[in-house]
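Here chain A shows up in two complexes: once beside chain B, once beside chain C.
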Partner chain A sequence: MSNLRSFEGLVTVREMPLRGMITLRGDTEVMTAALKSVGFELPERGMCNGAVVWMSPDEVLVQCPHESVGQTLAALQSATQSMHALALDVSDTRTVFEITGAATREVLAKLAPIDLRSAQFPVGKVRRTRLAQIPCAVWLREESAAEAIIFRSVAEYALGVLQSAAHPQAAVGYFASNKM
Partner chain B sequence: MSTRLNTGGRLIDRTQIQNFSFNGKQLSGFAGDNLASALLANDQMLMGRSFKYHRPRGVVTSDGSEPNALMNLGEEGRFEPNARATTTPLFEGLYAQSQNHFPSLEFDVGAVNAKLARFLPAGFYYKMFIHPRPFWKHIYEPIIRHSAGLGKAPKARDLDTYEHFYAFCDVAIVGGGIAGLQAALIAGAAGKDVILMEQDGHWGGRAPVDGDIIDGQPAEDWISATLKALEAMENVTLRTSMQGSGVYDHGYLLGYQRLADGAPGADGPRHRLWRIRTKQIVAATGAIERPLSFAGNDIPGVVLASAVRDYLVNFGVSLGDRTVVVTNNDTAYLTALAMKDAGLEVPLIVDARTGGAGALGEAAKAAGIRVETGKGISSVKGGKRVTSVEICAQAGEGAPLEEIACDVVAMSGGWSPVVHLWSHCGGKLIWNEAEAMFAPDPERGPIGADGAAFVTTAGAASGAMTTAAALADAHTKLGGPGQPTPAQDPLTNPIEPVWMMPQSASYKLRSKAWLDFQNDVKVSDVQLAAREGFESVEHAKRYTTLGMATDQGKLSNINGLAVLANQLGTDIPSVGTTTFRPPYTPISMAAIAGEARGEIFQPIRKTPMHDWHAQNGAHWEPVGHWRRAYTYLRGEETISEAVQREVKNTREALGLLDASTLGKIIVKGPDAGKFLDMMYTNMMSNLKVGRCRYGLMCSENGFLSDDGVVARIDEDTWLCHTTTGGADRIHGHMEEWLQTEWWDWKVYTANVTEQYAQVAVVGPNARKVLEKLGGMDVSAEALTFMGWADGTLGGFEVRAYRISFSGELSYEIAVPAAQGRAFWDALMEAGEEFGVMPYGTECLHIMRAEKGFIMIGDESDGTVIPQDLGLSWAISKKKEDFIGKRAQLRSHMTDPNRWKLVGLETVDGSVLPDGAYAVAEGANANGQRNTQGRVTSTYHSPTLDRGIAMGLVLHGPDRMGETLDFPRVDGTVVKARIVDPVFFDPEGEKQNV
Partner chain C sequence: MLILTCPNCGEAKDETELHAGGEAHLKRFGPGSSDADFEAYLFERENPKGVHFERWHCAPGCGKWFHAARCTMTNEVFGTYSAQTTEPPENIKDAITAKRPGWHWRQFS
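This part shows the complex of A and B:
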């Protein structure tokens, strides 16, 4: 888990250490109950509350420390045992990049075809979209810090396109945070 | 001669000299010049040669509609053909060469075509080269192709970078003239998110050049005050050098921003393509001046009247000492007045209208300029430069009345609103008789999802041709508060349409009157097309090539269709226009590609062991977006030798395959068994926990789609392996059925392909190496063939599947992806004493072929059903239904004449060519040799030391032992015997140990 990749440009991009991730699928009541059993709350649909990330109408991603993923998974599975639900360890499936800096929205807007204006993409809002040619889930942790989840096999590609979009001389200045 | 005046030039900075090179000549201009203005300042009026006749051509416009002044710009990695000099910003060190001439611009051999012009009429190529038929492909086409094309194709790799930017806004306004500025001001003040883009490097359009008075002040002052107000608005984004290139459905607009065209080599992207989604598009794109069609109107020095004053006012460049103005409307008088004002001679204004101009006409007379009304130009004299014009009566046939010496002819045939963006998504036009122009029909705009037009036009683009009307139009269209901004316009006399000058010009004159300068289409060509029956404007366009050049007919379109209408004896609206398509002017291919080039051209998926493969001689093969090792090269060996070595070693000792790329999909829920019984042709619901089963998936049409091993994990969970390329597709296929057809079934799926690194441990020593790592019982008794178990091996948490695709003793071991590399390393180390070698995909293919196992994509190609492949055993007869079942009952699917899978063994031991056909007697209706089978997979088997193949053959399984003929491309024939497809260990003794 050493050799975490990173670079600086218009924004700073850092690969995050391996994170415990569990895919949880079920209807809202099932997910609410299951999450409660491990001390988490189901966020408002389409949002992320830090630990729990909405991925689709019947799917959330539960994040926890990598060491405790087995324990959390077992708790979720036992909480949903008698219900129709799916809980799976997907910690190794993905790579997480943290993107920080005033140009965060702007760098994402070069790669993701989504409306990143603050009214449409407030802090905590989750979008499943693409970064250039690869799938990606992204949300703003705070105004100038995003987390982007991509598949691990394409981490180098993701880093490459982020690096190209974050070229220091490629500022666009479109969003209120860095208007030009 | 054209020259730089000592004063004037609102856009240039005379303190900054910029040196550049044109056709090897060292010239200089000023910062703020474009290439055209700088060339003109150096008396370089001749800028290129036309496409067909190689006629000498000078600049005719001052903007993006330029047909003539096209350049090969830059060198090597920054070379670009067909750059319009009029929109190319000048910079220090600019390197330009004119196009379409040999050996030089001044002396061009191809100009002989002009002498042959009467033998090269419209449709010449179609008529001439159709017979004899075979000549087209082998003789005519290569020669024509050689002489076709204006610029040269770039040879070197582009050194610059490009990017996209996705922007969303409420109002996107294209055009930074006064209408666009006014529109932005209204939308911005209303609190909307606004993007205002202007294709040129400066704001205000031609209002400052034409000396408009807005709100009681010179246009320039109003423009800078408006800009200041806009800049103060947080919700307004202003961009120059950015063209609104194309409008697409649902409020999608392409903005083409040229960031570094004026500073090549600057750090950062050269172009940025804005991909804008907006609620409303406002096309404030102005209007384009039309040329007049008179003989010799293509001689260098005949320039649009607006362009003549643009060069004068914007760049302080005079195009010549003596300018004759020829017009059918008042605006060209501005040019005469401006030239006179600059101290230059205007010997004559030729006004085709008998009534002449309004207030500007008076002003011209007051300035002492001679005006001749009701007159036209009979012909222009000169070769590479205008020397004089002959005047005639517009109403006549062109008998010259007078010859007047001049070096510039400033022409104006009226103005055409730039309706392109309005029209890209289907906005309709209406013919405005009074102004002699097509303008947007506000009742028939391009309709968005809500039934309302999502494009509006503002200003001259709407057909509002005066300053006051343009501002009022923008005000109304944007719903501005209060009264529109007032402006003063001189009183004008109406335009009188002139489509040919003089009105009844002789053939001789018409055949020298150009419509399309770039493609050399003349009035006589369009008339000929009409006479030959090309009555539709779209047909006439293609027959004559009118409007098909890089300028897409911006100058020629309206004039051409007016000539067509006259010839057909109908009116202009019933002829209509050709279709306006994006982009407005050509945009760089690199901008469209954006960041997708070099290392990031395409995502390359890498397994957790990718780096190990790279460091150990992997010869790569792309499989989907993955890179898999085809083989691992050692020392000096060839690819083929490496593959043979890997097969032998795996069959005799121990091989490792990185199988991480295989798709892995979890299917869970109370209805999962029922669901999988529908997905697969065979039964999956009765698979026991802890067991694996090979399964086939078909499309609704019954064709084989994917295969793989399914493992039952627990009571309501299955793990489905798919092919490498099939993972995403099959996951999508499953979700589609669940979401659209069986939405009430309780099933969840998850694609966990990337969660696991998977290693196939294969060969007689497979069990030994796993036992050496230790941890779980992998014995024949504990982990039987087609079983799986969780456990640990060498300290790794693993899931071990006892499955085989090679016929050998084989395990596939899955570990969490993050530990994949460490696990691989541990296997390599532990396997050393057992002769371990990694093997690649080709070895995998050979081993499966030796065993007669099919490969999706080799034996299947979308037309093959499992029954063709002898896989009927994997098709359940008990199940009521599965996807593809009904289709497989169709008569064609049950036809006994369908080709069936067999093994093929060459008589001489050689390898059959891949895809080769087995020939049958006779020929088909097309005279082609009949066939009776084809090769689907073919290899040299190192195990058997001869060529083996699989193929589909007519009645194949019933013809064992027969010999078939497979012709090679070189005409020789390979003979192969039909045999059982299982070549090796048919009893399965090796895998069952």
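This part shows the complex of A and C:
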């Protein structure tokens, strides 16, 4: 996709290229088996293991290259055939913004009502919350890199609030990683 | 600020991350019930100053419902528990008793 949006401030905000995303729903047993069939593992509650994002006790978001989403979806669907489960391609529903830089925790903490101190929010954790007024899943990929998964229809809003939170003159310096 | 921990996703959420779902443990009276029962189901609600039981929705979050027991006067939270129950579990009732001896709410105490 061309025209990926980005912004440079306290952090770098970058819209990620189109990514394959599949919603998989079922109980733990069903999801574990289905994920195994495509070479993935069910993450711990509230965590993301890179490919798979924990969404709720009966839902995960499977991420894969956009080119192979059809193939992965077909594999998940055949693995869950005749089971009480759902696998659905939602790639076009969502947009991902990558947030990188020492102020990553700080910028997110300005927008989401969540405790982003490292003891409460370790690397690898994912939290469904709100970013200002829109639903969002925040994944802390590394100590100073996060991904915000939001609905595509409100991507412009997300970029706007991220821009004001990451305004170069809006530093707070609350977190140890970003002490001034 | 009211902070409730969703028992489904385990996250501590402030009330702006939750949706209030009204009184907990209502028994539905539908077709075939008496007018009095139906009216009570629709309209009669507790409005206590003190211990109260409520339904909350974890939205934007894991999308599940859960129950919470709190004090409407102090906002003290006694605990949260599964929505898959028709009455407060023992550990929640014990937690309330420890803080508010002699409490009662509808048929529970």
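Keep in mind that, in the parts below, the second predicted complex is superposed on the first by the 179 of 180 C-alpha atoms of A that agree within 3 Å, B and C clash if a C-alpha of one lies under 4 Å from a C-alpha of the other, contacts with A are read in each partner's own complex, and residues count from 1 in each chain.
As a convention for this text, a residue touches a chain if its C-beta (ideal position, glycine included) is under 8 Å from a C-beta of that chain, and two chains touch if they have at least 3 such contacts.
None of the values given here were measured: they were computed from a predicted structure.
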{"item": "Touching partner for A:R130 - first (chain B), second (chain C), both, neither", "value": "second"}
{"item": "Touched partner set for A:G46, first chain B, second chain C, both or neither", "value": "second"}
{"item": "Dominant toucher of chain A (residue count), chain B or chain C", "value": "B"}
{"item": "Which superposed partner A:R117 touches (first chain B, second chain C, both, neither)", "value": "first"}
{"item": "Touched partner set for A:V90, first chain B, second chain C, both or neither", "value": "first"}
{"item": "Chain B versus chain C as contact partner of A:V154, first or second or both or neither", "value": "first"}
{"item": "Shared chain A contacts, counted only where both chain B and chain C touch the same residue", "value": "113-115"}
{"item": "Chain A residues touching chain B - in the complex, by the definition given at the top", "value": "1, 18, 23, 25-26, 58, 84-86, 88-94, 109-117, 120, 132-134, 151-154, 156-157, 160-161, 164-165, 167-170, 172, 174, 176, 179"}
{"item": "Partner chain C, residues of chain A touching it in the complex", "value": "45-46, 55-57, 59, 113-115, 127-130, 135-136"}
{"item": "Residue ranges of chain C in contact with chain A within the complex", "value": "8-14, 16-17, 59-64"}
{"item": "Of all residues in chain B, those that touch chain A in their complex", "value": "161, 163-168, 193, 234, 237, 266-269, 272, 275, 277, 594-596, 599-600, 602-608, 625-626, 666, 668-670, 746, 748, 750, 752-756, 816-819"}
